[in-house]
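One structure coming up, written as structure tokens, with questions to follow.
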């Protein structure tokens, strides 16, 4: 279960009992992840505020520190010194515990993400399922917040967020399922390793250089899956246009309405950390994770540490890029209504995700099965691996494109029958 | 070390389960139930059944308990003044249950279990998947049908909502116009 | 160090038995339908602990234990969904979710 | 069916709520998230505006009218000045009328740009559309500042004209603004008009059919969105509006989307009017104010003959009317404001019924209210 970890190689304690080394290792990694998470969150808030300001002809925070980069710290200090209010009618313990229950599972998500070449805290065999399971726990925290506050807006927000989480979790997991089929396993650590090589063909062409660009997003299955996954990630992370659980113009702040001071900040941290974790997850599963030009070359040249560093940089670059995409979307579009949100999940994303799984199965069949498994109907044995990938790409591209067009067409709003105002 | 962890998890399971059945407030009971589910999931991890452990968290904590909380909140007003948790002569039930526990525990102690020396297979999730697709294909398909039926059933039972829509102003006007048109048609 | 060396099987089974009895107690004494459902879930979990423990301690090379546990989780999920939908439907018509108050099934 | 009634939820939106545009409360009865009934509750911002005017001399009320609709102080000034002029029989020079119309149309552009922005902000678009509108509004406020010395509370109008003539730097800056406006209209409309989410959120929402709208006597873009081509500038022309060419845009369905489109179109019509005014402004004569009332002492000592007068202008939000009764003293005997925001708010409950909670704030935003005017 425990993979060799880089830090454990650095930290060699002679004659220490094995469990102590293990405990220290885990404590250090947990510390690095959590402190890194906190710093990431502060940077995220700053980036978001500056980027949105840029889109709105404003400057954004620019007073605390150079370019306002320390603004989040100032905000944090303010949060710490705020009065901690518990409404009199609230269920005290449920109200207090809710932010923690919301944050803890998100911190747990960080543990299984592969941060770079060889930089994995825990390599779970069922990593993908673990992510899905753990991310669903935070819904309990939101529900506790909504119920424990005894506030109508909070309750409405909690109900909305749960409905949304459940609806979007299904296409999210099914979108991941396609990639699980492609990789033949649920280990997140293995996914980037399988995305080496050149676009679409990966490392199937002999003699082609390993550019680290065999990302799944370049295959038809990965493209559709990636788009579905990213939309669902927006919904899971409660980003606009799916931020109805805390729609400030409608239900004040949703489940967070009655929270103040640090408890509010914890919800805030949880949300940003979740967004970042989902961005990293999208990068790992669809954008090659830590793969990128140069990583394989450095590793071949014997510079393992440099390769790890470069791979970490690649991953962070991709994750921050996706996060900035989330920010730009937030600044550009309004939010959907509850019913529109639900029908989007069930009528658009779910059928497409299901078709994508079928495409993925076809892909696996075309690239990995022999003619015998096809019942000698398809003479695929004579083809080279890259030719088989080409055929599979063609077939799945046709299926996915057709399905997308079909789903968009059948869901087109019926010809408007408005109340005609007689002249 | 493992013993300590096991005892911690076991006491968490039992304590939270007891709180589930004796909490007066139904939401508190539901939250303790979630804690129980979570601890049971941890126990599965300790037993090296990662897949089941994660599935436990996914299904029970992520789905079932959230459904429960949802249902409680929809039927919430009643719960504010819920009658006492116990119905009728609860001590008889308690005595019976303690008796059952005593019987079970003595039986467990009396059976000579044939413990295995086999090592655990290294990759368990693929093994499980293969088994589901080969030996247990029929039950697997049946489970899928059960889930589908449950899905449809739950939707049908909870549906009803659609029919009781509050009409908008435009609906009213359209209905009035429709009625007026019909009246005109009826009386030439 | 794995669990089978440290903890005897009977401990795990005892834990499951106690959990089962607590769940049974809940089913008997709880008055609200949701409370009864909680008891049922506890009992199902107790059964699952048994299945996993038997798989791990007795037959680690047979996946039957895990497969059954998985099926029980599946059925429990379906049961919860239908059960709660029924609770909501009953609540809509009766304004109550106390089992004793529902003596006649006629709508 | 009584057995099937579901649990209704009472929610108070406001008086403190992010999207009530001021201190305003809506008592909402919800079935799930569907609005069963909605009752608007006003009065939180009541500040005795009408009584205050009856205890002040006529010109003292002019700055109070700024605070009615604090977004559009110029049109509020205009309406009040018009009423007093009608009461006292004061002539307005041609140039003053042109300046007044110029300020009114600039006000209309700034109001509509921000009103659309606020509505889309209520949909959850995180201020971006609003900031686009605000950017143009700032430029117009610069112009107001040049002319009157204040950005929002302009207090620019006087009986018989305006307080001072346009400063020399006004027209070059105005021309520069006019050059930029078409591009702004195109950009703003392109950004919002075809945005799929905005269309989905606003079309078919809050439909106010034509006859119902007339029955509630709503005015302004809300009425025109419902398809009634009613505009005071055309129905009862005041100032120079009789001489200007412009169209009255109307909607067909009467939903939120139509109201938005009407506002877009009205901004373009205002631009057309501004072009005509700009062309003729250099040739106008008569100075910026009637010489008989050119100094403040004369304004202050105004004693209209006993009688009554009602004057109305097309403020960006609708018909803004002032009713005055004079008993021959320096203070009005009775002063009454017909505020468009207040009247347009009355059908809110009917418009929101049957829609979701999320639509309520959008419908409210599409009415475009200012609480200063609603509560007075």
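General remarks:
Per-chain residue numbering starts at 1, and chain names A, B, C and D are given in the order in which the chains are listed.
Heads up, the rule we're going with is that contacts are C-beta pairs under 8 Å (C-beta built on N, C-alpha and C of every residue); 3 or more make two chains touch, one makes a residue touch a chain.
Everything numeric here is computed off the predicted structure, so don't read it as measured data.
The chain pair with the larger count of C-beta pairs in contact, out of A-B and B-D, is A-B. Chain A has the Cα centre that lies closest to the mean of all protein Cα atoms in view. With centres set at the average Cα position, the gap from chain A to chain C is 32 Å. Chain A and chain B, compared by their mean Cα positions, are separated by 26 Å. One simple way to say how far apart two chains are is to compare their mean CA positions; for chain B and chain D this gives 56 Å.
Spacing of chain A relative to chain D, judged by their CA centroids, is 46 angstrom. Counting only residues that touch two or more partner chains, chain B has 1, 51, 55, 63, 70, 74, 124, 160, 170, 173. Among the residues of chain D, those in touch with two or more other chains are 4, 6, 204, 207, 209.
Residues of chain C found to touch two or more other chains are 92.
Within the complex, the chain D residues that touch chain A are 9-11, 17-19, 33, 120-128, 131-132, 135, 195, 197-198, 200-201, 203-204, 207, 209-210, 226-227, 252-255, 356-361.
By the touch rule above, chain A contacts chain B in their complex via residues 1, 19, 91, 94, 124-126, 129-130, 132-134, 136-137, 139-140, 143-144, 146-147, 155, 158-159, 162, 165-166, 169, 185-186, 419.
Only residues 52, 55-58, 152-153, 156, 160, 240-241, 243-244, 247-252, 330-340, 413, 416, 418-423 of chain A touch chain D when the two sit together in their complex.
Looking at the complex, you find that chain B touches chain A at residues 1, 25, 27-28, 31, 34, 38, 50-51, 54-55, 57-58, 61-63, 65-66, 69-70, 73, 123-126, 170, 173-174. Chain contact summary for the complex, chain C toward chain B: residues 1-7, 9-15, 17-26, 28-32, 34-35, 37-39, 41-42, 45, 48-49, 52-53, 55-61, 63-64, 66-67, 69-71, 73-82, 84-89, 91-92, 95-98, 100.
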